[in-house]
Every structure is written in structure tokens, then in C-alpha cells.
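Working notes, structure below.
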Amino acid sequence: MPLTLASTLVQQAHTSLNPASPQVRLVDQLGTAMFVTAAVVCLLVFAALLWAALRRRSGAEPVADGRQERPMKTAVLLATGVTTVILFVFLIFDVSVGRSITTNPGNDALQIRVTGHQWWWEVQYRDSLPKNWATTANEIHVPVGRPVVFELRSTDVIHSFWPPNLSPKRDQIPGNENSLWFQADSAGVYRGQCAEFCGHQHAKMAFLVVAEPADQFEGWLARQRDTAQTPTDSLARRGKDVFMAASCVMCHAISGTSAGSRIGPDLTHLASRRTLAAGTLPNTRENLTGWIVDPQAIKPGVKMPPNQLSGPELLALVAYLETLK
Amino acid sequence: MTAIPADARPTDDESVRRQLDETWRQTPGLWGWLTSVDHKSIGKRYIVTAMVFFVLGGLEAGVMRAQLARPENSVLGPDAYNQFFTMHGMTMMFLFAVPVMTAVGLYLVPLMIGARNVAFPRLNAYGYWVYLAGGLFLYISFFLNTGPDTGWFSYVPLAGPEFSPGKRVDVYAQSITFTEIAALVAAVELIVTIFKNRAPGMTLNRMPLFVWAMLVQAFMVLFAMPWVATVTQLLAMDRLVATHFFNPAEGGDALLWQHLFWFFGHPEVYIILTPGLGFVSMIVATFTRRPVYGYPAMVLSLLSVGFLSFGLWVHHMFATGLPQLGQSFFTAASMMITIPSGIQIFCWIATIWAGRPRFGVPFLFVLGFVVIFVIGGVTGVMVASVAFDQQVHDSYFVVAHFHYVLIGGAVFPLLGAFYYWFPKITGRMLSERLGRWNFWLLFVGVNLTFFPMHQLGLEGMPRRVYTYLAGTGWGPLNLLATIGAVLVVVGVLLFVINVAVSLRRGALAGDDPWGADTLEWATSSPPPPYNFAHIPVVEGRAPLWEQPGELPAVSGLRTDVRDVLVTTLLDARPDSLHRHPPPTIWPLLTAIATTILFVTLIFTPWGAVIGTPLLLLTLLGWGWPHGRDHQEQRMVEQTG
Amino acid sequence: MTSLQYRYAAVVAALFFQLGCTRTPPQSDAATPAERTSTLPARVSPDTTASSTADDGQWIMPARNFASTRYSGLSQISSQNVGQLKLAWTFSTGVTRGHEAAPLVVDSTMYVVTPYPNLLYALDLTKPGAPLKWTYKPDPALASQGVACCDLVNRGAAYFDGKIYYNTLDAHTVAVDAKTGREVWKTKVGEYTKGESVTMAPLVVKGKVLVGNSGGEFGVRGWLTALDAKTGQLAWRAYHTGPDKDVLIGARFKPFYSQDRGKDLGVSTWPGDAWKIGGGGSWGWISYDPDLDLIYYGTSNPGPWNPDVRPGDNKWTAGIFARDPANGQAVWFYQWSPHDLFDHDGINEQILLDLPIKGQTRKVLIRPERNGYVYVLDRSTGEVLSADSYGYNTTSRGVDLKSGRLIAIPEKATTTGKVIRGICPAAPGTKDWQPSSYSPRTGWLYIPHQNLCEDVEGVESNYIEGTPYVGAIVKMYAGPGGNRGVVTAWDPIGRKAVWEVKEKFPVWSGTVVTAGDVVFYGTMEGWFKALDARTGRQLWQFKTGSGIIGQPVVYRGPDGKEYVAVLSGVGGWAGAVVAGGLDVRDSSAALGFVNAMKDLPQATTKGGMLYVFSLP
Amino acid sequence: MCSHYRENGGAAGQRGSAAKHLSVLLIVLALSGCKREERDFHGLPAGGTITNPKVREVPFVAGGSVPADSRPGPYEENAYAVSQGKTLYNQFNCSGCHFQGGGGIGPPLMDADWIYGSRPENIYETIAEGRPNGMPSFGRKIVPDQIWQIAAYVRSMSGLLRKDVAPGRDDAMQVRPQEQSTQKAKPVQSGIPKSAELP
């Protein structure tokens, strides 16, 4: 089965080198400053080394006498001094950046809880009104220009939340809650990936962050809060029956139906998501079908088992899942 | 004790050598090999074993590079890949880097300080056997598909009983215990040997820089290794007898593992570096034909590196969400350690500037070392910054960083050391021509392999991924890295060939092919079992340069028994005599008992019941007094 | 003797008894409001048998009367002579699960409902040894055993208009002809394949049979249903979660506290559609006030136990409703435990009394609640007049009488992946379903309850239809003092415990109190005990074959003698370790109760036997 | 790697007695090691040896069901599969009724009593087809491979699996001794289920 990759959707939006948030911009500046300095230092040292090694020597055997010692002493002391100064500057710079990243985001911040699972991301939008909570997976929508606070948890092993364009990473450690916040300042689709080794599919545990204008975001969130529509056409309706009768229902939840298991990603709005299998496949019919039939071929070790469904069943099931907008 | 010219009383000298030969000779044949307590033969097999593991670890890396050469590749599946990168890490860290350094130390230190052997020859043998057992245990498990698969750092809960079923992680924990015992044994050996067996006159401030490096390293091992030995035992207990050290639900903590592990794990890096720095100092001195500039500064920076390295561990945990202020402290510490390292670089450069460099292969490797190590160093400063590290942590940037540091700081000096001391160990020179090829291939290969990884990391490629998707755009740079890896493999291959060929056809070396200054060059190549016919008396830091031609020697040492001279700690005044044991099989048997204990323990608690008595038994045999010793002990008392 | 002669003897005895009554001591004079209340059910007794009076000697509903006092006016057995109480006769039910039911006595017949398979036995009291008249077998579905959270119990039947009404485990309600044992009707009220079961005893009010469902541990949607007593047709059904129209919240709904006012709170206090599987059944007790014409009943815990997946107050679970029995319209609601964290169902009995409070007599409802407080509510408005702790409590600081809200202690809030230790009271609460009794003579409640604490870890909870939906690992153990059971005499006016009797095991049986000032209850070791209602001194005890978790009843036999009857047969949630033969090595077994009952298997074995006692 | 090793062992097995014994030992080591550590993601080979066993009517008598087919479960010696089975046991709410083996709504699983037989295939049937007294049928809802994993885990609860295969403790509140140190309880046919003792 031809695998085109999900992040083709997100041209060049998975790198810390083009920042899309004040946080990463600051870190990027720090990094650049250090890189340039580091480069200069390296070149100086190499130059000194080469010169020391290749300079033309004056005849006599070298003897460690004062004439030589003095310049060497000054040179070494000077170099050491310069090094110390550079390091001190770095330290100050680093601390200031660190502080400005961890400042309080303010009260109007959006609250999102991201839970790492082997090997996918559960995303939960909190709200003072319980009815307004929304749960999705592997695709995080955020409003542009508004701080977003992420409450980071894990219920199995340690994962690490890292959307390079938007924020430095933070570990999700069972037993201790972590959090970070950022503010996307330009709309776009950004890719992130788990950064802490978490087992077989650490490599394919990615997610998308979709930064969009506030109104679009609110619209999206409102849709996410809806329960799933009961399908109208007969094929999809059959598909729903298949879903409820087959192994799907053991692991996945579709709100508005009797499927309420939290082992796998919530599928209430599966069709509205851009990717499948935690940012691994673009959400197309072929991929969806292939994924259902043999996920182990795509993500060996993933918790989803291969499903032996008859052709018609499979067709109906896919048809149903595609109605979950 | 009086100074006697080396060439005095030749006939007598002959008989002395003959008698010494008789006394220190090791039993011939396989039995002799199994029972040897000579630091040179043990050191040699130690080095060879470590190099074999180096090659194995390298091959594992090669396979991984093959898998990563292109996106969605299928050389290795995730399960195999996880075992491979874990084995690579463990092999390089526990079976190659640390052991090979201590091994070279165990071989050279006694020669450099003019001793006949290490302080505790039998313990030395035991150390090697345990190390060998650990290595075999790990690799046999690997071939039984029981290779550890949770990384050399094996973070819990992933490595805990719930998420790592089976015995793979138990193998991890136990094989570390093996290697830690070996490392601690070696550390004790070196410390005592350096403190108590130096040739008369070799005061602390006359010790060669390499000996200083080994001393510092030994102390670091002594303070760092127990932590990892402990923490891996805690893990084993969590897995086997359901303790809860790392189970948050029952009051344990997953972060406890990281703290304990990195409190060992960071010093570990410097444990590997320090001997490398020692090599460099020796080579620089010899190849610039002048003592290294700033001896006190060099020693002090070695010491301060040793101390500081224990205050950095948290910079491996910047992403775990520890308090900002605390992290800044560790940033400061991490940056501070750059200063002593920098000072040494500067001193070497100054030395080279002041000296008359000869561009032999060892010296090439030193130059390569400086370049690569400095690059690794500056990226080290970058990742010491909390904010920046939280961006690149656990990305390929870090992979690039520490490979620069470790390959630059350890492998290049080590290879340099090989070319430098090979003649001393074997009596034959390594081919310079192959050596140059060897160097340039490695130099280009290493940079080609690891430099692109900085970029990959910044582009967001995480570590420990068995594959990546095409659209990430990480393909080309990875391919480049793989090509580099090929060059490295070829380079190492050339090295192996060079060794193999030179062993037979290498030019004969003679005592001192490089015109070096330290004591090991004062004896024949390879050195006799007793190292020195006459224990030399030292009057300066560079005895062979300062006292050319002849060395004053100690008299009054008996040659018909294994007497070694024990000197005082600070200024190495002769203190007493120490009677060394003859070859014995007990260290091997004890090591076997140890192995039985450790291996059975991970399958059943009964392992303790079976193994402990065996171990006690062998220790009893080891310590069993022989009448002969008593008698001779008395004679020593009479003389002393 | 012929049955005629028996009838004659009975009448004579009745006359004597009446005389005796008039000579009852002044302190129990019908002047106290409490006394009036206790006689209240007599005036509105649904019983149609001619011989019915305040002390007709019958026991036609488990709670004895609509006010749920479980008070018997009979005083033949008194604190003076109870010591001579002897075993009169026994009857084996042949079932060995937990017997929680109260036997009924109507006319001269005793009706006994067993646990699953919910057999109904009619015993003829007119003949010596009370031979079996007939047996009715409803044959509930075998598979329904799989959805009973805490043993396969049944809490009894109700008599009305010549029929015995009761519920079966597989969620059916049956009406059986009291004389012939013929099934009159059988109505399916729930879907056991979705986790619904029915274990409660129905209450018949104004020709309606009131039934509620169990299954708070199976993700059911709780409800109370009224069936037409004649036909079994569904009259109305009030859900306890979801939109107002389902909950039967309309114009008449006037909750006392602001947090209970608002549109569709049954939806907005849940995330997404969690309310559809939010629990809140009603498997406990219903009381009825004929004057106000209101029924009162509690709703059970929200599901799942793990609270992380159901933020909000989770209306209308773990609270109490007052409804109009005619159409089910809600009149007021009060929530004992908003966003319940500990499976503190709100389904315990409520005893309806008229009490003098701050000078004036008020129509109140007394509820010894699972969350550890004895509540006194104004039963016409739902206002909380007082709430006083009657057991060791680490989960809340009390009840704020202004807002009516429980003042929770946040440190004890359970959550996913964290172990919270020292939660007291444990999941069964300070008191579970086991009903208290009230004596107008002492003016005190006699509360059988337990003293348990627990450790809880919330875990991922997955709703899979027909399987449990709990999401918590629980480990219970004895509370401070080590005694797992207590019988407390509680003075509702003085708002304090008068005396306490400690028991080794939870007191999982109900109590009954008589005009003879004797309190009867059973222990899980199998002792059937009589206490002095005024001092709590133990007057008499008898060791039955198995642990007692049933509800004792007191009646007057056709021979005029006063009898005390109780079912012995250990089980229920507390006794599951014996009834289900569970393995005590697993502390989490039976929702963690096993850990607190590890020694019960040494103390008693399974059984199922009716014991009837009388004076010689 | 393993199969390759196994081949070597096999070849060696043909040679002289000493070598033979050694290699036999090695093969045993290899096999046990390999079987235990295998991470078999694709599960059972499609149409392979193990297929969903035929539904058999279970005689409701003391002695329980003893099917003629005594094919061993595929995962009896595979630690990874057993641990997967443990995870599924909890996630699919088996623990909801049987808890961590002590039972509650359903019968205990860590004791010696077996109502419907203790063999892997008995347990497979119990899960797949359900049992009369409240055990639901999961045949269509759990794929065979996972049922076999759960069955293997259920056996480990009463110590019927090798100790180096049975799981260790969970990262959760400790409520029972870990499976790998649970004493083996010799299976006893307990006849009818406790929950079905009717008059």
C-alpha cells in the first residue's frame, strides 16, 4: 500500500528553525547567538592550532626558557579569560530567555490537556462548563494570538511533547503533571513528535498543531463538542452496526453512540482530522481502509490488532467512519 | 639505596635478569593464560576484548545507519532497532569506552611509574574475568533475542515490569552490575598502584600527566559507578520481587531513576574523556619534543574536571519540568566545566607552538582530537543552556554533540595512543602509511556522519527512532550521515588490517622509537614480565630526557621472590617490600562463581542460595595461606 | 383446631392486646408529634383487610409504613422478657446468596422473597411450623447474574390489594396473587444486557408500583418508574440524568438551593453525552407523605467511580427527589454529594417525622446518609435543617447550611493514576442500604452501619456495553477502632448519638424497634441480637446458621403471639467474599470490600434460612 | 536472529556426543529465550495452525468441560503476549467482574477451581463463547489473537505459566502478589459455578 506521509501536508513546518511563537523565537535567537559565537571560537582555536603546528621554526632545539614561557602564559590566560566572559554572557542570556518563556500566560489562556499514550496523543479541551469539554486526538487546534496552556500527562510511560516551531519540549511523566504554554502568532499547520523514547512506535507518534484565526477556531471547537450524527444512508448505517458489533467498539469512543471506550483515540470526529495513526498517514479512504485491515504493517507493535472483516463489512465501516465529520 | 650506572657489573646484571625471568615467568600454555596475574598480559587481553566489543558496537551502529539511510526503510523493524541502539549504547559505554581506558591504564601505569606489577595482581585478573563474563552474558542474551531494548539509560516506567516483560531489562541491569564490578576493581588497582608503587623519587608532582589522568579517572569511577550499580539493582528488584522504588502509585518516583542514573551517567562521560586527555598530553610532549606547557595548570584542570563532572547531571533532565532556578544552577556548572577543558586545549596549543612538532600518526590523531573535541565542546555549551536544550534535547542535535565529544575526546586519542604505544606492547611499529589513511578516513567519516545530525536535530528529528517519514525532509542528511558511517567503517577496517599486518611484518621498534621521556620507554619492547631489571630512581618529570643514557636504580630488591617496592604516597620514598603472589586459578574460579550468582538471580531467588556459597568457597580458596609465604614473610621481616 | 377457632383466638388476643395498649406508660402518650407521625401510616394504610389498625400486627411493606419507621407497636416481647425468646420455627429458602429481604406478613400468611433466582414463598402461619402454601418462580435470566454489582440480592416485596409485588434481578416487576401464587402480570422494566438490574423492594402508592434500577457500576442511566398496580402498564418514568423532560422536571419543580435551579442541568453538568451512561439509579428506599402527597427517594452514585471523566455536579445523581406519585413530576431535589467521588449513593432510607425544631413543629425527613451525615430536611421544601456527622469522616468537613453544599476536603479527591489513602467513609459509606428504625417511644433512630476506610486509585475507565464501568482500584479496611460495624441510637432533636454498640463486622442487617422497647438486628457472624432501646444493653442473642444481612420484622401470629422473624444468609456486597467464594489474596476483589472482610470466611458460611422467634 | 541461531544449534546437534549435549542445551536455551522474548506484532499467521476453536456445548456437570482438543495455547511461553494479555484483561473490563483474580461479580481466577476447564482452549472458549451464568461472549468483539493473549494471562494468575514468562507487578496500587511469584495452584474442576448454586 503506497504510504504518502502526513507531514507533506505541513511543508517545512516541523523545524525549530522557523519559529511560529514568541517562545521559540526567543530560543531561536539564543541558539543563533550561541551558534555564531561557537563558530567563531572554533575557527579561532583551529587557526591557532594550525599556526602553532605549522609556523616556521627558528633553528635551535626548543628549551623551556623564560623567553618562551611569558607569551605562552599571557596567551593561555587571555584565552581562558575570554572563554569565561563568553560563558558568563551566555548564562545571563539563557536565564533571561528561560524566565520570559516561563512567565505567567495570563488568565484568558486556553486550557488544553494532552495525555500521551503508546503511541498517540489524547487531546482534551477544558471548560468551566463541563458540557463544553471536547476530546479529540493527534490534532490540536489553537487560536492565533491567544496563549494556550498545555497540561501534560501520561498514563503509561514517559513521553515528551514537542512541536518545534511553537515550543520547546516538555516531558510527560506518569505521576508528575507538567505544563507549558505558547502562543501561536501565525496561522499554519505545524507538526510535532514525541521526543522521549517510549517503545516500539516512538518513531510514529506525531501530532499536528493547527493554528487558525480565533473565529475559525471557535467554530471548529463547537463542532468538536457535537456528538456524532447518526448516518443517513443505509451503507453507513450498516457500517455503524459493524462498528458496534466488531472489535472497534472495544477500544474506541464515538460520542452519541454506545461506544465509550478510551483505549484508543476518540473517533467522534475522525473524518475531520487530517491524519491517521498519530500523524503517520494522510486521512484518505485508502489509508483508512489499509489501516483498519492491517495496522501492524504500518505501525508494527501498535496496540490496534489486524481486523478480519469481510469485504462488504469493511466497505460499510469505512463509509460510516467517513461520516464522522 | 645508591645510584648505580645501568651498565655496571654486566655479568651480574645478566644473572639478575635470568633470575628475575625465573621468578616472574608466567606458566606456559593455556593454563598459564588462565592463571596469569601479570598486568601486561591481563592488560593486553583487556584491550583486545574491549576492541572486539568496539567493533561489534560499531557494526550495530552501521546497521542502524543502514536502516536510517532512507525514510520508511526496512532493514530493521522497531523491535530489532530498539535492541540494536540499546546494545550499541551499552557496548560502547560499558564494554568498550570505560574498560579500554582502564585497560590501557592497567598496562601502562606500572611501566610509567617504574613498578613491577599492579598492587593487587589477582584482583586485577578477577576484574578482567568478571568484565569478560559480563560482556559474554550481554551478547549471548542478545543472540537469544533477549538483548535489552529500552536504551542504555532504560528510563522507567518503560523499563519497569509492566512495560518491559520478559528478561531483556533484567539482562540490562545485571550486565551493568558485571561491568561496574570490573570498573571498580580496576579503579582500586590504579589508585593503590599509583599511590604506593611509584619508583623512588617520583613524587606526585613528577608523575606523568597520563598517570594523573588515570588517578583522577579512577577516583571518578570510585564515586560514580556505585550509583548505577545501585539503581540498576533497584530496577531489578522492582521487576523481580515487586518492590516499588519507581512506582508512583505506591510512593515511588519515575524521576528518582533519572536522578540516580545521571548522577552516574554524567561523570561517566568524563571517566571516558579523562584518560584520553592523558594520552594527548603524552603524545604532544613526545611529538613536540618538549614537556607539556603548564604542568600544574594541566593537573589542576584534570582535578577540577573530576569534581565538576559530579555537578552536572541535571542538564540531562532539563525537559522534565524541574524548577527554573535549580536548572540555571546546573547550567552554570555545565558551562563552568568548559573552563578547565579549555585550559588544557590552550596549554597543548601553546606547547605545540613552542615545540618542534613531528607529524607522526599519533600526532595527527591529536590534531584531529582537538578539532572534533572543540566542536563537541562548544555544542556542549549550547545544550547546557536550559532554554536551548529544551528545544534540542533528545533530538539528533544531542546525538551529534556527544558523538563529537566521545569520538573526539576518547576514540581519537585512543587510536593515537595505539599508534604511539603499539611498539612498546608488541615490539613492532604500526605502518605509518596505513595509519595516515586510517586517520583521514576516520576524520572525514566522523565529521560527515555526525555534523549533519546537528541540522537534523534542529529540524526536529528525535533520537531513538527506528525510522522517519519521507515528508519530514530528513532523508538527504540521513543519507549523508550513512555515507559518512561507511567511511568510518572502512577506516576502522584499515586500522584492524594495520594491526594484523604489523604484528607480523612491522618494523622492529627497539626500546624507545619516539625518543619519548617517560619510564615505560626505559625498558625493552615488549617489556619483560618483571618490567624493569632494576627499579629506576626518578629525579624529574621527564626522566629519559633529563637523565639521558643511564638511570639510577634501586638495589637490595630480592630477585628470587616476587618482591615489589612500596613507596610513600607523596614523595615516593621507599617504604616497605610487598610480596606478590604466583600465578593462580582462583580469580577465574571466583569470577565464574560470581557469574553463576548474577545470572541465576534474574531467573529465581534461589540463585542466591546456589551462587553465594559457591562464591564464598572460591574466595576461601583465593585467600588460603601457603606455608611458603609465611616463611618468606619472615625473611622479609629480617631484611626489612 | 379449625381455622375458624384460630380466627376466634386471634380476635380474643387482639382484644386483650388493645386493653394492654390502653395501659401503656404515659411517656409514650399519643401527644408527642413523633407518635402522631408514627401513627400516620395507619390512617392512610393502603391495606384493605378489615382487621387493620395502627398495630394490626401485620408487616405489609419492608419499611413497615410509608414513613419508614420500622416500628412495631407490639409490646408482648419487651425489654423485660426478651431474654426468654425462643426459636419458634424455621424455613430454608434453598438459596445461598445474600438474603437482604424483609419477610412480609399479611393476614395469616408470610411471604418470603429470596435472592436470585428470586423465588417467592408463601407460608401458612395458621398451621404449626408454617407449612409452604405455594411457591412462585419467576425464572429470571441466568445471564443477569453477570450484571449484579454486589451479590445477587433482593430487598423484598410489597403487598397491595391482594397482590404481592416485587422485582427480579433481570429487571422485571411481577405481581403475584397473594392467595393463589398465580402470576397476575410481569413487566420488563429494564435491559439487563445493558447492565440494568433491579434489586430494590417496590413501594405501592395510590395504585402505582414504584420501581428503580440498579447498575451504577455498569454505566446505566438511572430512573424511577411507576407501573399501574392493576395492569402493570408503565404509568411514568423519571430519569435521573439528561434533559428536564426526561427527568420529569416541570413547573412544579422548586428546589430550595440555587445550584439545583436551571435548565437541563442533567445535561450541562456532564461532559459530552456522559449523562447517557452516568448511573444515578435508585435501588434503595422510597417513603411517602400522604398529607403533602409526595414520594421521597434517593438517586445512586454517578458513573464511573473515576471522577476525571465526568467533571461537574453530575445532576441528578447522589441526591434526593420529592415527586408527585400521580405523574412523577419533580417537586424538589437536593444533592447530598455533588460530583460524588467515592460511590456515595444517595439511596438510603428516609424517615418521615414531625419534629419540634427551634420551637415549631416541622415536617421533616431524616436521612442517615452514606456520606457520613444524618440530614434533617424540611420535607415540604427540601431545605437542610441540620446535618450531623455520625461516623469517622476524612472526606468532608460538614455541610454548609447556607448553600446546602457538602464541604469536601480536596486532598481526598480521587483521580486517575494517583493513590489516595485514608478515605473515610469508604465506598459503602458510613451507612449503606441497611435500613434504620425509629421508635416514637424513645424518639430515637436506631442506625445499623459500618466503620470502614479505603485507599483508591483511579484508572482508565472504558465503557463497554454490559460490562462494569468503574475505573477505580479500591482497597477497604476497618476504620479507627478496628470495629467494622456499629449500631447507633441517634437523637434527631438533640442531634447526637445517645449510645453505640460496636460490632466486629459491618452491621449489614436492618434494625427494627418495638413498643416493648427492644431493638432487633443481626450480625454477619450470624448472631441475632436484641438490645434495650433505651440503654443499648444487649438483652438476648441467638446464633443462626449463617451471617445475617436481612431486615427483621415483628408480627402478631394468628395465635395472638408476637413473633420476630429474620432471614439468615450471608452475602451482599459485604458478604460477597463468602457468598461468591472470592479469593482474599486479591485486596481489590468485590470492589475492594474483600480486603476488609478477609476473616469473614472463618466466621461464617453460606446459608439461606428463615428464623422465627417468640416467647415460650 | 533467533531462528538463525536455532538452525546453528540444530546443525551442531548432529555432531559428537559432548558437542551434542552442549548444543542441545544451547537449543533449549535459545528456544526458551526466543519464545519468551518474541514480539510477534502480526499475531498468528493468517490461516496458521491456531484458529478459533469450534464452539462446543459445555456439559453443565461437575468435572466441567474437557474438550477432546487439547491443543496448547500459542502464547503460553511468550512473556510479551502474556503482558499484552494482562493489559487487555484490565482495559476490556475483565477486571471489572473478576478484579485482579479475586473475583466479585464473576468467579475468582487466581484460585485452583476451574468451572469450565483450565486449559488455554477452555479459557479461549469461555471468553469467545461466554458462559451461562453471566459471562458475556466476546467472540466477535475481541480478535482471536488477543483472546489467546488474555487466556494465557488468565492462566498466569494462578501460577500455571513459567515464572520467567508470567508478568511482574503493575505500576499501580498493589492489590495482589505479582503473577510471577504466585504459587502454582493445581487446577481442580469445581463443577458448577458458585453463582449458579440453585435450589
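As written, the chain order gives the labels A, B, C and D, with residue 1 at the start of each chain.
Just so it is clear, a residue touches a chain if its C-beta (ideal position, glycine included) is under 8 Å from a C-beta of that chain, and two chains touch if they have at least 3 such contacts.
Fair warning: this is a prediction, and the values are worked out from it, not measured in the lab.
Peer 1: Tell me the fewest steps from subunit B to subunit C, where a step is a jump to a chain it touches.
Peer 2: Contact-graph shortest path, subunit B to subunit C, evaluates to 1.
Peer 1: Out of every possible chain pairing, which has the most C-beta contacts?
Peer 2: Comparing chain pairs, contacts are most numerous for A-B.
Peer 1: So what's the Cα centroid distance for subunit A and subunit B, whole Å?
Peer 2: Taking the average C-alpha coordinate of subunit A and of subunit B, the gap between them is 38 Å.
Peer 1: If you average the Cα atoms of subunit A and of subunit C to get two centres, how far apart are those centres in Å?
Peer 2: 54
Peer 1: Once you find the CA centre of subunit C and the CA centre of subunit D, what distance in Å lies between them?
Peer 2: Averaging C-alpha atoms per chain gives centres 43 Å apart.
Peer 1: If a residue has to touch 2 or more other chains to count, which residues of subunit D qualify?
Peer 2: Where subunit D meets two or more other chains at a single residue, that happens at 39, 41, 91-92, 171-173, 177.
Peer 1: Considering subunit A alone, which of its residues make contact with at least two other chains?
Peer 2: Subunit A, residues with two or more chain partners: 174-175, 200, 249-251, 261, 263, 300-301.
Peer 1: Please set out, as single numbers or ranges, the residues of subunit C touching at least two other chains.
Peer 2: 417-419, 457, 460, 462, 464, 469
Peer 1: Counting only chain pairs that touch, give me the topology of the graph as line, ring, star, complete or other.
Peer 2: Contact map by chain: complete.
Peer 1: Along subunit A, where are the residues that touch subunit C in the complex?
Peer 2: Listed in rising order, the residues are 129-131, 133-135, 153, 155, 174-175, 225, 227, 249-251, 253, 255-256, 258-263.
Peer 1: What residues on subunit D touch subunit B, complex-wise?
Peer 2: 1-2, 5, 29-30, 33-34, 36-39, 41, 79-80, 82-83, 163-165, 167-174, 177-178, 180-181
Peer 1: Within their complex, state which residues of subunit C touch subunit B.
Peer 2: Within the complex, subunit C contacts subunit B at residues 417-419, 457.
Peer 1: Which positions of subunit C touch subunit D when the two form their complex?
Peer 2: Residues 93-96, 117, 119, 142-149, 152, 217, 419, 455, 457, 459-460, 462, 464, 466-470, 473, 475, 576, 579-591, 594-595.
Peer 1: With touch defined as at the start, can you tell me which subunit A residues reach subunit D in the complex?
Peer 2: Counting only subunit A, the residues touching subunit D are 174, 200, 245-247, 249-251, 261, 263, 296-297, 300-302, 305-308.
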